[in-house]
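In structure tokens below, several structures.
Both complexes below contain chain A, partnered by chain B and then by chain C.
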Partner chain A sequence: MTTTATYERPRVRKPIDWWRWAGRGFITFIMLFATLPMLWMILTSVKTQFAAMQYPPQWWPAEPTLNSYIKLLNPNDQIGQDFLRYFGNSFYVSFLTTVLGVVVAVPAAYAFSRFRFPGRTFLFFSVLVRNMFPAVVFLVPLFILMRWLGLVNTHGSLVLTYLTFGLPLSIWLLKGFYDNIPIQLEQAARIDGATRFQAFLLIVMPLSSPGIIATSIFSFIGAWNEYIYAYTFLSRDDQMTLPVGIQRFFTEFATDWPGLMAATFLMSVPVVVMFLVLQKYFVQALTEGAVKH
Partner chain B sequence: MSIATGRAASPLSARSAKKPNVFSRMAAHRTDYLYVLPALIVMMVVIAYPIYYTIELSFYRTPPNLQLRDKVWAGFDNYTAVLSSSVFHEVTLNTVIWTVASTFFSFVLGLGAALSLHREFIGRGLFRALLMIPYVVSAVAASYVWKWLYHSDFGVIGALAVQLGFTSEPINFLDNRQTVLSSLIVVNIWREFSFAMVMMMAGLQTVPEQLLRAAQVDGATPWNRFWHVTFPHLKGVSMVTVLLLMVANFNSIIIPFIMTGGGPADASHIWITHIYQLAFGRQQWGAAAAYAVILFIVMMALGYFYVKALTRGDEARQE
Partner chain C sequence: MAQVVLQDIVKSYGSLYAVNHVSLTVDDGEFVALVGPSGCGKTTTLNLVAGLLPMTDGDIVIGDRIVTDLDPKDRDIAMVFQNYALYPNKTVYKNLAFPLQMRKLPKDEIDQKVRAAAKVLDIVPLLERRPRELSGGQQQRVALGRALVRDPRVFLMDEPLSNLDAKLRVQMRTEIKRFHQDLNATIIYVTHDQLEAVTMADKMAVMNKGFLQQYDTPKNVFDNPVNTFVASFIGSPAMSLVPLEVVQRGDQAVLTNEAGWELPLSAMNTRKALKATTNKVVLGARHSTIKLHKSETVGAVPARVYTVEPTGDITFVQAFVGEAVVIVSLDPTVIVRPDEDVWLEFDQERMHLFDGETTMALSAA
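So, the complex of A and B:
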């Protein structure tokens, strides 16, 4: 009989969980907010110039084309040649910044984590406070300094500058990782006859490789995305990095929106891929230090 | 205990005094400094010198070509010029609106996203990754994409507004004094809310599960559970997140610089873009330096709280 079923149903039925539905609604909204602009960028980049400049807009490209991408990646084309050169410049500058940054930050972070020398706290926070100052404050003096060093219009000026605004963060991140490596490991190595430097190189360095990866992603992405110093220090076309170079496309071909969107897309690909592959480290680096252990 | 302190407690220093003076302690730790030295040299050259230089420059009237031999002592003239200039008031108001609104909405959206993603479900990792992409790509890319979305003739947002019947013709978001600043703030929020999300997600993991369950058993509503159990645990993380967002927003230049250049008629100028324009646009180096020093002082006040919030974490870990 159905009496048991009709009896049980009202007891089993839960009240509608409004909070859960509110959460779902919110997640839908925020996903649309975050992804639709990127989707529109991609859709525009595969339209012809004619199709992009229509009102009302073509919601879905009627005749999708990869022309913009082919143009940008073709080394025989003038635009492609420029774009690929900017790409190479960006890569060179970001790579050099990352490697040098790690080489300088690792010993400093280690010292801040392990040693108790006088002035440690002061030095540590003077390093951190650098993050508080806006790029613009340093632009004029650094521009003069670079001119004096003869580095204006060279990639050296950018590497040196990116190094400094990457350093405080790198030191801070790495220090967090070193703090979490038990000091007993080094002490054991010291007892076994290793020098302090050997203990650092052979015990601590391998253990802190996640920290080094995290720090490297951060400085690479930071350098890759940097705009204002590159814009100010470089005026020679063959030296420009991508963020600045893209602006040139924009002013010269003011109406080529599909081309610009394609260039923007290609510029974002390396950092997004890097982020997706090393997401765990990236998130760890972001939250390190802010969330108490 | 560290290796270094163990070594410093040599018989010599133990005999001479309970607390050896700074120099002998520095000498005992001399090799420690070698580790920090490369970082310090780089920082000194590229940070200490520019700060000193900016402060010096702010007291001089300088020729446009930056030939510094020709600079003339001007006392506080640059400061009074900046503070009494006609646009300073509006630009300051813009800066406050930009910083506070961006920070507030990024934080609220980020917290909401973190709470909605806290529960385990299929595709959660993918959602988080997608939400974070705007934060990872360059602000330059964000600026161009949104400039296209806001385009006065072919922009998709304007077209949508017409299709849905909000307006009769596309809105000119960026060329309108009333809408420009809010339009830029939306772009900024788009870019950085996921930073707040990641921070708050990490914070949520520190909330003890048992407390929440206990509250649930006691019949607390979801709101009460959030407000009385979850939120108090998030206080520390929230403070650091808000501070970091404020500093980042205060210092951010790219979005207004690329999208509007401060226009129309200064309606989207914030301090940073204004300083850049004074220096590299009008070559008023002295005034720009004075402006930068003012900004500096404001940042120092913010920085004080920033360092305080961070040291708490640092000290907690040392113990």
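So, the complex of A and C:
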């Protein structure tokens, strides 16, 4: 005779996991810490000058206005003209830094990953030495160098500097991607009729696109946000990049808080947009290009 | 299809010789296996034939062309890699089409050839999938497909079965052999598994430490290994090798060891043994040529059983003769126990004698 025993799952009341709740609390705090200033920036940018200066503060703008934005984006207005020029300068410098960075970092990283040549390890680590020092340390020497090269007051001085600072990370990151792509893929392509360069272009490049996108984001943001070098190397008003230009807004129109906040907000837009757009490709590339090890 | 000739090829890294003056000819339509332990230079040799590595010295001829200085793409070869090397971002169809696209074939011809190859390998339903969505066996077929779609002069295969599980490996072994027969393809096949080489190849090239040891049909390599390395590498279980000393008694040679026993040799084996450069010789015998006696027998040497491994229809016994391990196969009805004293009788017709110093096989002639 068989009997079917019924088993009852013992009901144990789980104790409250205080660590878990502490963790959640901490995450909430960090989140607020990061987002509240941004929220305040956006709120202030749509206030009138009067509302922005009120005390006690007006938490929520009573009469929201886009005046500051209209002024900044109006090319006929003096402020708008300056702002748009700074914006253009920043974009030009950052874009050039990013493109040149990829053009240099991709072959460099590929060479470090695939070729064995004398001095390879030494070169690779000497590329990284730059990152051991804070950027300001190089300010004066680089300024002297740029003056000697006649590059002071040109965007070229900034692009060169940003490349120097951005390349080590880009090369390091991309080398990791190339290391993970089996060399047999290139060998197969070369046997299938591709030249060495075609094998790289048609097979390796598409597989390393997540790395290229990631390094592009890094170098673009780095160049976009950089302040101290732009401030030192450039003195002509029409060459200023945004971080420095906004500083000028701040002194010249010290009381125009909504204008400053609106400018700051507009400055963050390209970075956020780029991140949102490229992140999609980033994830897609990561999953689709997955290489089996 | 074409003949492949390796003329005295060398690949060295500084003072290290990965491939040391190897010469061999693969005839048109022949299936040749390069076999040896890891690090023996077999994969390097294959990569030299493919043109993926620069060669230090020597020449490679494919068909009527010296290809030594040609790029891989101009050698008209196809290669199947151990990890298949399928392009992960391309569908199966595009993987198969890639070699044809690189040769700038018209689109409809590419389509026709891809579908024909897919049909041969039974992968038509997989054409729109990506490599990571395929099983190991399917990936293997796609890799084969990409090789055969172009109708190359030579197929190079680098351990194509070693990433498959045991059952699939046996199945794919048959399929590759069939593939060779149907296409009458020239194939150079690298493997560390001597069983794959023996079962599939027309000829096998046994390599060790960069040197080509022996190049012959599997049967000849199995029956007449040229040295102790080949003897111990080919065959499973391996040939037993017993280092002994040779002493002359009148016109007959006898083998002895420290234990003091003597094994008289036949007239032919005497001639062989006396050719040795010193009095050291190595006796080689395959498990099936040794008879095990449970009591002292004339012409048999004493041994002590170490382990007994029943496999079903054959029982393998490992026994010590002096310091050397000898493997004997027995009918499973014979019962032996570990540490039992037994006597082993070597078949004089089928035993091998090697020079104890040079390790080369001794011949009577």
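The criterion applied here is as follows: the second predicted complex is superposed on the first by the 249 of 293 C-alpha atoms of A that agree within 3 Å, B and C clash if a C-alpha of one lies under 4 Å from a C-alpha of the other, contacts with A are read in each partner's own complex, and residues count from 1 in each chain.
As a convention for this text, a contact is a pair of C-beta atoms (placed from the backbone, for glycine too) under 8 Å apart; a residue touches a chain by one contact, two chains touch by 3 or more.
Please read these numbers as outputs of a predicted model, since none were measured by experiment.
A.B. asks: Could you figure out whether chain B or chain C reaches more residues of chain A?
C.D. replies: After superposition, B is the partner touching more of chain A.
A.B. asks: Where does A:272 make contact in the superposed view: on chain B (first), on chain C (second), on both, or on neither?
C.D. replies: Only chain B is touched by A:272; chain C is not.
A.B. asks: Considering only the touch criterion stated at the top, classify A:142 as touching first (chain B), second (chain C), both, or neither.
C.D. replies: After superposition on chain A, A:142 lies in contact with chain B alone.
A.B. asks: Scan A:73 for contacts with chain B and chain C and give back first, second, both or neither.
C.D. replies: In the superposed model, A:73 contacts neither chain B nor chain C.
A.B. asks: State whether A:184 touches chain B only (first), chain C only (second), both chains, or neither.
C.D. replies: Second partner only.
A.B. asks: Can A:195 be said to touch chain B (first), chain C (second), both, or neither?
C.D. replies: second
A.B. asks: Report for A:206: first if it touches chain B alone, second if chain C alone, otherwise both or neither.
C.D. replies: Touch partner of A:206: chain C, not chain B.
A.B. asks: Thinking of the overlay built on chain A, is A:99 touched by chain B (first), by chain C (second), by both, or by neither?
C.D. replies: In the superposition, A:99 touches no partner, neither chain B nor chain C.
A.B. asks: Return the residues of chain A at which the contacts from chain B and from chain C coincide.
C.D. replies: On chain A, the residues that contact chain B in one structure and chain C in the other are 187, 190, 196, 289-292.
A.B. asks: Using the touch definition up top, name the residues of chain B that touch chain A in the complex.
C.D. replies: Residue list for chain B touching chain A: 1-5, 22, 25-26, 29, 31-36, 38-40, 42-43, 45-47, 49-51, 53-54, 57, 66, 68, 109, 112-113, 115-117, 119, 127, 129-134, 136-141, 144-146, 148-149, 151, 153-154, 156, 159, 162-163, 170, 190, 193-195, 198-199, 202-203, 205-206, 222-223, 236-237, 240-241, 244, 247, 250-251, 253-254, 257-258, 272, 275-276, 279-280, 285, 288-289, 292, 295-296, 299-300, 302-303, 306-307, 310-311, 313-314, 316-317.
A.B. asks: Could you please specify the touching residues of chain C with respect to chain A in the complex?
C.D. replies: 47, 50-52, 71-73, 75, 77-79, 81-83, 85, 87-89, 98-99, 102-103, 130-132, 146, 150, 156
A.B. asks: Can you list the chain A residues touching chain C in their complex?
C.D. replies: 182, 184-185, 187-196, 198, 203, 206-207, 288-292
A.B. asks: Along chain A, where are the residues that touch chain B in the complex?
C.D. replies: 19, 23-24, 26-27, 30-31, 33-35, 37-38, 40-41, 44, 52-57, 103-105, 107-108, 110-112, 114-119, 123, 125-142, 144-145, 160-161, 163-164, 167-168, 171, 179, 183, 186-187, 190, 196, 221, 224-225, 227-228, 232, 243, 246-247, 250, 257, 260-261, 264, 267-268, 271-272, 275-276, 279, 282-283, 286-287, 289-293
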